[in-house]
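Next come two complexes, and both contain subunit A; in the first it sits with subunit B, in the second with subunit C.
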Partner chain A sequence: MSRFLLTRALGAALTIVGASIAGFVFMRLLPGDPARLIAGEHASDEAVELQRQALGLHEPIWRQYLMYVSDFVTGDWGFSYSRGEPVFDQFVNALPATLELAFVAVGTALTASVLGAVLATWSRGGVVDGLVRASSYVGLGTAPFWLGLLALIVFFERLSVLPGPEGRLSPGVAAPLRVTGFHLVDALLAGQWSTWWDAVQHVLLPGLTLGFVLYAWLVRMIRASMLEFVREPYALVARSKGRGRWAVVTRDVLPNALLPAITASGLIVAELLTSTVLAETVFNWPGVGRLVTDAILQQDFAVVQAFIMLSAFVTVTATVVTDVLYSVADPRVRVRAT
Partner chain B sequence: MTDVEPEPVLTVRGLSTEYATDRGQVRAVRDVSFELRRGERLGIVGESGSGKSALALSILGLIEPPGRTVAGEVWLNGRDLRTLSEARLNRIRGKEISVVFQDPLTALNPVRRIGPQLAEAITMHQDVGRAAAKQAAIELLDDVELPRPADCYRRYPHELSGGMRQRVMIAVALANAPDVLIADEPTTALDVTTQAQIMRLIDKVVDERGTAVVLITHNMDLVADFCDTVQVMYAGQVVERGRREQLLSGSAHPYTAALMVSVPSLDTDRAAPLRSLEGLPPDLAVEHTGCALAPRCVLGRERERCRSESPAMTAVVGDAAWVSRCHFAGEQHRLTMETTP
Partner chain C sequence: MALRRTWQRWGPGAGIAAVGLGLIVVAAVALPLLWPWNATATDFAATMRGPSWTHPMGTDGVGRDVLARFAAGARISLLIGLVAVTIGSLAGMVVGVTAGLLRGWVDEVLMRIMDVLMAFPALLLAMAVTVGLGTGLRSATVGVTLSVVPWVARVARAETLRITALPLIEASRAIGLPRLDLVRKHVLPHLLPLLIIQATSAYGSVVLAVAALGFLGLGAQVPTPEWGAMITEGMEPALAGAWWVALFPGLGMLTLVVCTNVLSDRIRDLMDPRGALAGRRSRG
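Our next item is the complex of A and B:
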């Protein structure tokens, strides 16, 4: 098992290095001169040249890369000229907002997709199954930002039951004292009920929009494997023992069907990353996604570069964690891994 | 033993099951009727696709869409299972009637340990605590002669050999000492030595419990060793039924006679065609007139009656327990007696 872990970790580290090199080279190949951008459009050539020296742009590219990486791991992610702040601080401030959104989205998506897949399998070809499939098609076939806009039009403009795209809290509502960075948690800790309720209302639309996109993915996958496993002899054996149809689906089929879902969760994290960027933009959510889209528009390379590094890290880590989880969850793999 | 036959524990009447396929309704079980008495061992034989498994599932009420049992009665311990609600059936399945399937490799849930899969068969039907169920499960594993039963209890299915898993399945099926055990080709997936061991085990455990057995098989040797009565199926119908000696030595149906000479004694090659029968079984999706066997039958191929008139089950030689679905049962019986050494 430890050898298995070691090889996985090593492979992951190599992948992250590869991705960071690719990202670094790509950023350098992009048109636009970072030194000129930072120094300003009307700066003298000398000033630009000085800035270039300061950024180390004269060094050979491999040297630049090594410098960047060694700075990166020590927490020096560069300086964001567009906001006049260190990049690292910006991410630290934006991350809780994104994570809060992601937790709400993943939580609802997991619950809804497991429930949906179980109901679909139980009704197999019936009305419920049809509804679940239809909902999955809608989620898969619609762009997340479009879904977000639609949700805003319906719940904010027409029905006025939920707040519009104004971020995490209503204007004028002060953020609760920062403990975890999650407003939903911090407001509770501070005992500020009205702030908490305000945060809930604000996270609902972006969270559910994002959750729905994930749900569409997940429910399709879980349903497909459940329909496969429900035809397995052990499901029939369970029935012949006297277990009812519902119990067979939830207790015998579901645990088997969740295994392929675990395998796909690396992909889900990647999907979540891209969808979050879009959802944050639509809902004006001050998270990492918004940070990056703003940075791209401003050609603020340092931020984008850091985002590429982080995405590679998160995606690869998720994949490794997935593999390890899978090997723990599936007794058949567990043996081979030791 | 008295001369009075024990009362039937399972009575099947007019059972018919259809599968909806792209080619139309496939009628896999056609008007099957039989009785199984307490402690009786009935063998069901027939070519692949003759509806043996479909019959077993129909009896248990476990035909899933696109299949449907369209007619018939299944009386078990005085009630017709076909009229009962799903909830009541769940209390009967696994308790009064249970089943062992062909492939032990896929019959156990791969992500769950053996023990709980067996113990739940007990707790589902008996009001016992967890510890007692575990104890009973370990005893059952011991009963089916698994070495180190307490250790087996904690194993996952993939850690056991095919033969061991089939022992577990037998333990599961017998956990509540059912009145009827249906064994659907319980040894087909196993190697020859294991086959013999498993049959000896089934023989022992059903004997101890007085369980009536329906043994579905391709293997005539198994029937000869194990069964009291035999029922032969062809194209979804029962074509002959009688006591073992009657059918094995003096069959009164051309299909049975053909089975006797063609089925290899150790059935490894399931697809082996019946040597003395030409052609293939009829397409179950289309209704045929006359005897289902007629186009392939040595006796009936040329006879007008076989092609036009569907034969009924008739007693062969006065003995009401021996019946054949052949217009010329007597003739076939004489033929068989002449040709068997």
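Our next item is the complex of A and C:
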């Protein structure tokens, strides 16, 4: 076990180092002089030179890389000149909004995909199965930003039952006292029911949009896994002993089929990181994704860079944690890998 | 008779998907030639008109015909998808086969690089490339192409290892077939179905990634009739009641990607009934 853990952790560390080199190279490819960008267009040459010294641009390239890495590890992610704030602080401030959205999305997606996969397996080859498969294809084929816009057109512009793209709360509604940073929790803790209801209404469309995209991935995977277990002899035995179709699917097949689906969580994290950028942009959700797209428009690439690095780090970590968890649940994997 | 047998083999779902894909291709190829309106010509006398007989998809904020832009966008999406998937799979194939044949440190180095590329979620890798090379359709294409490479390389390497372990390879080496001939005569033909499966299944996500980059302002720039950029332009009008500017490009994308995904799953089932080549097994 410890050998398995060690090889996985070493591999992941190597990948993260490689990713940081790639990220550094992409940043250095940037057209334009970063010192000039920060100092401003009309700054004197001396001022730009001073800025260059401050940024360490006169150092050899490998020293610059080491500085970049040590800064990143210690939380110095550079300075965002468009907002005049350190990049790290911006991420910390935006994170709760993104996490709140992600929780809603993952929660809905998990519930819906397990339910969908169970129904599909129960009616395999039937109408319900067809509908579940069709919904999965639609989810995989839709751009999240277009889906979000479509939801806005229907529920905000046409039916006007839900709020438009105005962020987490209606204008004029004060944010609840910050305890966890999640409005849905903080409003309850403060006992502000109207604020809570407002937050629920605002999180509904972006949360479901993101959730649908994740659902499409998940339901496809769980269904495929369930269809394999349904063919196993033990399922036939359970059926022949008189257990009903539904009970076999939910009680005998589902628990086994969910295990291989755990491996999908690395993929889910990657998909979530990508889609959150797109969905937050459409709904003006003040999270990390919105931060990144704003920075793109402002040509403020320090923020974009930090996000890309962070996403590689999160994805690799998620994949390794998944592998290890899976090997705990199913020791056969461990034996095969080492 | 032959037609009927093909129909039975492919099933009705794949038939519908083929028709949908065909419609998009026809729109992309024929419409710009036949349709009287130009994709970039503005007409300030007819801005924000809803769908009508003269403009079946309406007009946008500066009076450009949305149908003409839709067709031009289909051209861009189909073409970039094709270029990115072809070049990406070929490059991935070269990397994978080289790693699988040479083994040793070459294998180690190449696959580590592929791991690094896979560490970034596909769209974010493409974002990093466009940020580095400058925004525009060209760097967007380079970015999505790069994101296809590691997935193909990994599968191609595994398959090369499998093939080179077969007795037939040992036999050919024993009768003195040069290494390059070995690759050409035995390894590549075995890899071809795999290449097709990987390329077709990557197509949809590549199309979506290019559109996402256009939407974020990193891909196609504003006057270009690219579907993602068109949706960005249509966002504000859509919330004021003019739904048609953003709706149709998204519908086109949905049709294109769903149809290629359905077809790709079907191709996988037909070419690889055991699911031996599939990294991610699916019965669609």
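Everything that follows uses one rule, which is that the second predicted complex is superposed on the first by the 330 of 338 C-alpha atoms of A that agree within 3 Å, B and C clash if a C-alpha of one lies under 4 Å from a C-alpha of the other, contacts with A are read in each partner's own complex, and residues count from 1 in each chain.
FYI, contacts are C-beta pairs under 8 Å (C-beta built on N, C-alpha and C of every residue); 3 or more make two chains touch, one makes a residue touch a chain.
Computed from a prediction, not measured in an experiment: that's the story for all the values here.
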item: Fit or clash - subunit C, subunit B, common subunit A; value: fit
item: Comparison of subunit B and subunit C by subunit A residues contacted; value: C
item: Touching partner for A:I16 - first (subunit B), second (subunit C), both, neither; value: second
item: First (subunit B), second (subunit C), both or neither touched by A:P255; value: first
item: Which of subunit B and subunit C A:G242 touches, first, second, both or neither; value: first
item: Subunit B versus subunit C as contact partner of A:P331, first or second or both or neither; value: first
item: Touched partner set for A:F26, first subunit B, second subunit C, both or neither; value: second
item: Closest Cα approach, subunit C to subunit B, once both complexes are overlaid on chain A (Å); value: 9
item: Footprint overlap on subunit A, where subunit B in one structure and subunit C in the other make contact; value: none
item: Contact set on subunit C toward subunit A in their complex; value: 112-113, 115-117, 119-125, 127-129, 131-134, 204, 208, 211-212, 215-218, 228, 231, 234-235, 238-241, 243, 246-247, 249-250, 253-254, 257-258, 261-262, 280-284
item: Residues on subunit A engaged by subunit C in the complex (per definition of touch); value: 11, 14-16, 18-19, 21-23, 25-27, 29-31, 133, 137-138, 140-143, 145-147, 149-150, 152-153, 156-157, 164-165, 220-221, 224, 227, 270-271, 273-274, 277-278, 281-282, 293, 296-297, 301, 304-305, 307-308, 311-312, 315-316
item: Partner subunit B, residues of subunit A touching it in the complex; value: 124-125, 232-234, 236-245, 252, 255-256, 259, 329-332, 335
item: Subunit A-facing residues of subunit B, complex; value: 60, 62, 65, 86-87, 90-95, 98-99, 101, 103, 106-112, 120-121, 124-125, 156, 158-159, 169, 172-173
